[in-house]
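Before anything else, here is the set of structures, which you'll find just below.
Below, chain A partners chain B and then partners chain C, in two separate complexes.
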Partner chain A sequence: MSKEKVTRRVFVSWIFLGWTLFLACLGGLGTMLLRYLFPNVLFEPSQSFKAGYPENYAVGEVSLLWKSKHGVWIVRTAEGLYALSAVCTHLGCTPNWLSGEKKFKCPCHGSGFRFSGINFEGPAPRPLERFKILLGDDGQILVDKTKKFQQEKGEWNDPASFLAI
Partner chain B sequence: MEAIKNFINACAVPSRMFPVIVLLFFFVFPVNSFFEKYNKLFFLDRLWTKKGGIFLFSTLTMFLSIGMLDENFRHTVSKPDNLPIVGLIYASLFFLWVALSQARENDLRLEKNEKPKEWHDSQEKILVWPDLVSIELIAMLFALGFLFTWGILVDAPLEEPANLATSPNPAKAPWYFLALQEMLVYFDPALAGVIFPTLIVVGLMAIPYIDNNHKATGYYTFKERKLAITIFLFGWIILWLFMMVIGTILRGPNWNFYGPFEYWDPHKVEALTNINLSEYLYVIGLNMGLPGNIFIREAPGIFLISLYFIGGGFLLTKTVFKNLFKSLGPLRYSFFLVLLLFATSLPIKMTLRWLFNLKYIVSIPEFFFNI
Partner chain C sequence: MLDKLKKLLENIRQTQFVRSIFRMGGGFPRDVRQRMFVMLNNFFMHLHPVRIPKHAIKIKYTWCMGGLSFFIFLVLAVTGMLLMFYYRPTVEFAYGDVMDMNEQVPLGIMREIHRWGAHLMIITVWLHMFRVFMTGSYKPPREFNWVIGVILLLLTMLLSFTGYLLPWDQLAIWGISVGSNMAAASPFAGTEGPGASLLKIGSINFVHKGADARFVLIAGRFIGEAALVRFYVLHCVVLPFTIMIFMAVHFWRVRKDGGISKPL
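Right, the complex of A and B next:
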């Protein structure tokens, strides 16, 4: 067998080709991985939902109807309704509504929130968030979770965070 | 019996138990001559003799087995999740005793100007392969056999399929994370979930670089490494194991505290309302509203925190750590000091929460920044 001579030029072009292919594969893999993060179909309940008629909610009560599907409590006060997010502002567990004690209590590190969503015990640094709530044309309540209102930013004064009745 | 149980339940409230345990810790592991005097006086150094070991072991076993007669205690302790904790209490006690009994023996020898026991070990060379490796293999097989038996005898506690909208009550992390979870009760998630764990890992890795005390290389001793051992054991026993045990046995529904013999009543009402330092100062102290400007609002807290780190660090350096500063040099010493101040901030914050219902010293929820 004769020993082939590889010139510098040939060597460099092979290296160049090799690296190009390698990086191309890597890029392709990366793109696919990125693509994977955005699934074609999302089996999630839609971000906004109809929550029935305001008359269905009793004054002074927290409705658990939409908690398991949408993660929302609808609270009815004498003045109207608001939609509280059922996600603890500490680390994101789902608190429970304790009707006897009239508070939301988180089972993870013990944060407590009042009826209004204001935090008053445990480590949660800020109140529960509220969602946009409005009355649809058909007279049903519409909760839109894409828009949220944070008390510490003064957003609870926004009329969209509260449905006056 | 009921009276004793109620008494233990009452003592187990962390605001009472924690100071006692911390105090006891310093008498058991005397860091200076003051504590040493009392350590001797109360025969606490005898804990590390054979008799002391038997005493520790039998007290613990007696407490557990008598406790098992109580339904509530049995319920928590014998849960499959919690078995590792019981094992852990025994194992850590055992290894603590093994190390400290050897240290005690050597300390007594050193006092008499004798060489430590390890000095007389045979000087013969032993090969890693096969001498050490074969022993490790046997140990591994035993461990495997143990885990298999455990896995067969005790069923893993499976619960219903996970559901985003319901967190189990209480929602407990795996047992080895319970100390972190306990930490989260007192701190913002960024601090207790990210910064502190990172510091713990970094701090542990930094130990060999910080510690330049070459005494006690190759033999057990306590007296020659008082500070190092005490600091380590404080972190290990009080801030890690003890918090783990609290998290396992004393935390019940709604993450409330329950005594070891108390029924886990999900409707237990505890007044835990807590408020921020700024509210203490402006609303309660000065009887005015919170200032609108975030920095004016949080200035007192920021001041206190910097006072703790700068003033406290300075004070420690001038007093108790004077010699340490000299022997470690400024760079090592400052690393040591920062790590130490972070570590002690944890029990301090816990105590503040218990005593004054203080939520956050600096609280800027607008920027997710709370201390």
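Right, the complex of A and C next:
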């Protein structure tokens, strides 16, 4: 048994090294735990979908076909089509299309939006968002929800936000 | 006869069985010191104060709101555990199971006790906070216990919020839609929050709908089954466990910071 003398300097160095490693491990574990909470695969409908042929939509009507699955209204005007997001811009509930009153009405806090998606009553601070809409190679409408267009930013003038017929 | 009974009791007290369970041998305390040791040598007794000052039982001063909050928490813990025997946190079963709790399960009132208890606990916790504020009991040396109290208030609200989704009815889904959208507005961590748009390199956003505070809360872009399971685990395991730790510290600090506060 050798009796080595551990100096204060050596002792403190080891303690410092130990704590550094421990905290590094803890930080790594924390990062992994945080990453663990973000799932890799979502069992949700795809962010883009085919919405049939433009002829299927009657002029002046709001189509409720894709509302429950994709959260999108497809609106047909005389000029063409646009895809409105069915998420209220107040706090994210799903408004209802009231065909009699020609408005979207949110059941949560009473926000109202016109046919165009522009807000006119209730607490919603801005119009409904529109999604990218285009015609696919097979002649079907394609809606891409990863790209959104906001009226208040002037993005509704973007040709991708509107499908002219 | 009485002597024989006393002798019998004394003999029982001296058995290994009794002496191993009660550390003081189960003898009757005869002076202040022994009375104190009774409290200190028993796990369940040591949770209580060794002596109770006269002012502590003045209901007009404390309203017993802290104690009531804890009592309601215990009621919620017990009824919650009982409800877990009948509840399945899936989109298919959740709503039906909750309806069954009301209509089919024996003692269907259990679910109503849990629900009303939850409402009541929010009220008592707020009233407790109000009382502590109005009596100035947040002042030194109790200022840190006020901080723990605020954390407990937050945890109570989060327990209430996470429990709101579990019946999986319209109220639940829209309530959690609104609540989780608020998370999307948190600074830097939420897509719509201030500063989130700064966290990007070139055209790559680090904070987007598929990776932000709202996403981590509901495990998806919409309220769905993943959100239900997440809220279930938070409501039944994570938050109760966390609140118990903070409650332990809270009660311990009440004792150590000079006992229950008294009228000036």
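What we mean here is this: the second predicted complex is superposed on the first by the 148 of 165 C-alpha atoms of A that agree within 3 Å, B and C clash if a C-alpha of one lies under 4 Å from a C-alpha of the other, contacts with A are read in each partner's own complex, and residues count from 1 in each chain.
Quick note on the criterion: a residue touches a chain if its C-beta (ideal position, glycine included) is under 8 Å from a C-beta of that chain, and two chains touch if they have at least 3 such contacts.
All of these numbers come straight from a predicted model, not from anything done at the bench.
Enquirer: Would chain B and chain C fit next to each other on chain A once aligned, or clash?
Expert: On the shared chain A, the partners clash.
Enquirer: Would you sort A:121 into first (chain B), second (chain C), both or neither based on which partner it touches?
Expert: It touches chain B, and chain C stays clear.
Enquirer: Mind working out whether A:91 is in touch with chain B, chain C, both or neither, as first, second, both or neither?
Expert: both
Enquirer: One more residue to check, A:68. First (chain B), second (chain C), both or neither?
Expert: first
Enquirer: Looking at the overlay, does A:110 come into contact with chain B only (first), chain C only (second), both, or neither?
Expert: Touch status of A:110: first partner only.
Enquirer: Looking at A:43 after the superposition, I want to know if it touches chain B, chain C, both of them or none. Which is it: first, second, both, neither?
Expert: Touch status of A:43: second partner only.
Enquirer: Touching A:153 in the superposition: chain B (first), chain C (second), both, neither?
Expert: It touches chain B, and chain C stays clear.
Enquirer: Which one hits more chain A residues, chain B or chain C?
Expert: B
Enquirer: Do chain B and chain C land on any of the same chain A residues, and which?
Expert: 71, 91, 93, 107-108
Enquirer: Sort out for me which residues of chain A touch chain B in the complex.
Expert: Contacts found on chain A: 67-69, 71, 86, 90-91, 93-96, 98, 100-101, 105-110, 112, 120-123, 125-126, 152-153.
Enquirer: Tell me, which parts of chain C touch chain A in their complex?
Expert: It comes out as residues 174, 177-178, 180-182, 184, 210-211, 215-216, 219-222, 224-226.
Enquirer: Taking the complex as given, what residues does chain B use to touch chain A?
Expert: Its residues touching chain A are 163-171, 181, 184-189, 193, 253-256, 267, 269, 272-274, 359-360, 363, 365-366, 368, 370.
Enquirer: Quick one: which bits of chain A touch chain C in the complex? Just the residue numbers, please.
Expert: These residues of chain A touch chain C: 37-39, 42-44, 71, 91-93, 107-108.
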